[in-house]
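I've put the structures underneath this note.
There are two complexes below, and they share subunit A, which is joined by subunit B in the first and by subunit C in the second.
This part shows the complex of A and B:
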């Protein structure tokens, strides 16, 4: 089968939690359509209850669409026949670092996925070592997970996903329960894997994390309210404020500078970009004098 | 404090005993317990003691470490000893008020106590020299032939692994809940036993609920990682019997034979 250029494609995808037979729960996802390009870094942002986690679980066939279609690597997720192909192809990292590790030893935990796939022992060993080196946790391979920090546990969870050799990693708020140090470590790994060609879907409510993505999808109340590059999305700061989302600090600062009459390009969304711009401007300013 | 707890009571080491296959050690422990009850005379118990001492020496686990682990059980042994001492009729050798010690009772009580001590030492040596994960893998392999009669071997082993994995997580959870209750004025340290037990209810209820939530999260994470039961599953560390295990079995066989021939 030829590889599609879109690893994930949703067409009018709808998901409804049925809590009670008489009273149908509201639609957690309401006919959303989008694509995730192979090799891209896509951030999905939204407040609590915006449907972003439900969307993630649909991408891993942990939940099945109640309406519309979702394809992962060309497999229709509503077809149970492809369940295991989908789960291998789109590996998942969850929010709570404690509740997703299965084994009492780090390397055994990373081996859990490949073991389930029925891979031969020698090859599992290679994959585990490689995945642990990728996340920088190789020297912790014999440790018990409960002795590690939250950020370290989350890195083990990423290694566990990597060891399944997926085409895409879906991270469902992986940094929500971490301290700043753990957060940046996890994000750095996500970006490192992306640079090596891995498709990353990062679900988050931190705007700063989204600013470094290739594509941003903003969700609210089960709908996609905006999608595009970070520049496109964050240039519509007023609309973001209208749905109570934070604006990245660099964008806010840029707004103030712009208000002061300095012409600042709209494409600046990260702190690094802003710092570069200011530095360059002061240099040319110095030369001009 | 809670982060320091050890899982099971594994003593890190690389001795001959540590390197034995978990299956060999599990079989040896069961065999040892059976043989202890076959042994009927002093010679039999003496040989059993010697064998155990030899294995402890080989395992290089410090005696103090073993003793610490079995301390709580000694009360039960003392209790059994005393009970047997006064309960068996026969030729009286000492009278303490209404209680009589007989020759038969002394013999039975000492033998029973001796057996129990050896049994506990033997069993704890198994957990001291085998990692919990090795134990569960070993048990899974040993009971897997019973799958044909419907014993869910893989599921039992997986349950044990998860239980071991989540003991520290649940302890942390308990700690969190207790602190939250204490912050709101709960008192777990004073009062009568009944009152203190009652105070535990507000801890147990949220703990129960949160363990269900953890179970749900974990089940989802396991499914996401393609878990679908033991069928078609491979293992990274496949256990392998070595010549060392062969030696272990030879030692066991010799020991059992000696006891069966001379120890009864």
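This part shows the complex of A and C:
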């Protein structure tokens, strides 16, 4: 069977938490439809309570739709028969690495996933070494995870996900608890895996991280309020502000520059693009003099 | 005023894994100051904070809060903690009481204040962190949102009416809106209480916008001590330590390095944009 070009597909997906107070719960995800292209880097943004983490848990079949449908690698996530196929395809990395490291030794922790897939010990060894090298933590393989920094622990968690050899890694705010150094290390690894062909779904509220994605989905109040390329989404800065999201620094600078009457294309949303624009403008200017 | 003179702290002294966490650190923080402390993970800044409210004692050196030497043997720890309130990272994990009001009242109660005074302080602290005492006092902390929980945890420290309020990464893990709200709240408390506020943060924009004084810790040493303009003006040195100036300033530095004739390097977005406009509008 040929692989579908959309690794994740949601059709009017709805999720409602069951609470004691019948009416108060409400829908955490309310009838959302979208696709994630195989091999893409997709960022999902929204403030706390927007439904983005609930969506991530649905993609990993930790939660099941209460309405609509969600397919991961063609498998219907509401069918429990496919649970392990779904998790093998889409691995998950959570916000707090302390909540997902289970072993007292780094390499045992990374081996935990493949062991559960029933892979032979020799192959597990290869996968663990490869994954730890990929995240730059091989030299720490015999260490205890609790002695590592937050960023290092998060890299171990990513190695654990990679050792499952998934097609897709879903990262739920993996950098929220990290310092700037840890944050850029994790983001660089995400991009490295993406360049290698892996699908990355990055849930974040750091706009600078989202500006480097192929596709951006913005959630608010359980709905998708915008989706598109970073250029399409971040050029609608006023709407982002209206739902209390931050604006990437390049977009904020561009707004000021435009307000001063300088013609700056709306498509500029990253610092690289803005720097290129300014450099070109000043170079031609110099030549003209 | 806080006066730290020549403090040194060594972990595991005399053992093979001995490490110098603080190395001859001295600085002064004036009354009413809003001071930022920056340094990357492992720089020694957490060790420093723990000295400021007496959780750790230095191997040598002294710390004065007002006229009191808090490093002196037999110093009254309760008195130190009343003067210096420390809000840890993710303080909401420390909420433990049945109701918000009981949690906030825990500190003042331990000071031996009358019930009436404890009640008054609880209401005052909740109002200071922007929570209506009537509405939230009776709620369980676990019914609250992440941002509200954090406010309650900060209220618990504010209720002690500390002369010095130290906040270690108070906005870590918050979304942009809550981040802004919590910083606004900290500013309000500072203005109303006229206390010394010490903010530890990785967010250089916040430090530049809020602080009048910045300390930089690297490898256990105090390496910079000045105004935000002075400290972030030494961005090359900060970069070498794995730190940076605020993003807007870093962007201007990058343009300048590629040959764009940038003059001043302001620390905020509007100021940075003005510099770019000058260059483009020539």
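Here, the second predicted complex is superposed on the first by the 285 of 289 C-alpha atoms of A that agree within 3 Å, B and C clash if a C-alpha of one lies under 4 Å from a C-alpha of the other, contacts with A are read in each partner's own complex, and residues count from 1 in each chain.
What we mean here is this: contacts are C-beta pairs under 8 Å (C-beta built on N, C-alpha and C of every residue); 3 or more make two chains touch, one makes a residue touch a chain.
It should be emphasised that the depicted structure is a prediction, and the values quoted were computed from it without experimental measurement.
Enquirer: Quick one: classify A:119 as touching subunit B (first), subunit C (second), both or neither.
Expert: A:119: touches subunit B, not subunit C.
Enquirer: On the A-aligned overlay, A:49 touches which partner chain: subunit B = first, subunit C = second, or both, or neither?
Expert: The answer is second: A:49 touches subunit C but not subunit B.
Enquirer: Touch test for A:237: subunit B only (first), subunit C only (second), both, or neither?
Expert: Neither subunit B nor subunit C is touched by A:237.
Enquirer: Touching A:256, do we find subunit B (first), subunit C (second), both, or neither?
Expert: second
Enquirer: Under the stated touch criterion, which partner chain does A:281 make contact with: subunit B (first), subunit C (second), both, or neither?
Expert: Touch partner of A:281: subunit C, not subunit B.
Enquirer: Using the touch definition from the top, say if A:246 reaches subunit B (first), subunit C (second), both or neither.
Expert: In the superposed model, A:246 contacts subunit C only, not subunit B.
Enquirer: Now for A:271: first (subunit B), second (subunit C), both, or neither, which partner does it touch?
Expert: The answer is second: A:271 touches subunit C but not subunit B.
Enquirer: Which residues form the common part of the subunit A surface touched by subunit B and by subunit C?
Expert: Residues common to the subunit A contacts of subunit C and of subunit B do not exist here, since the sets are disjoint.
Enquirer: If we count contacts the way the header does, which residues on subunit A are in touch with subunit C in the complex?
Expert: 47-49, 95, 149-151, 173, 176-177, 179-182, 205, 208, 244-246, 249-250, 252-253, 256-257, 260, 262, 271, 274-275, 278-279, 281-282, 285
Enquirer: Going by the contact rule at the top, pick out the subunit C residues touching subunit A in the complex.
Expert: Those in contact with subunit A are residues 40-42, 145-147, 172-178, 202, 242, 244, 247-248, 251, 254-255, 258-261, 269-270, 272-274, 276-277, 279-282.
Enquirer: Taking the touch rule as given, give the residues of subunit A at its contact with subunit B in the complex, in rising order.
Expert: Listed in rising order, the residues of subunit A that touch subunit B are 57, 60, 62, 84, 87-88, 91-92, 94, 96, 98-105, 107-108, 111-121, 124-125, 128, 144-147, 160-161, 164.
Enquirer: Which residues of subunit B touch subunit A in their complex?
Expert: The contact residues of subunit B facing subunit A are 3, 7, 131-133, 161-162, 164-165, 168-169, 172, 214, 217-218, 220-228, 232-238.
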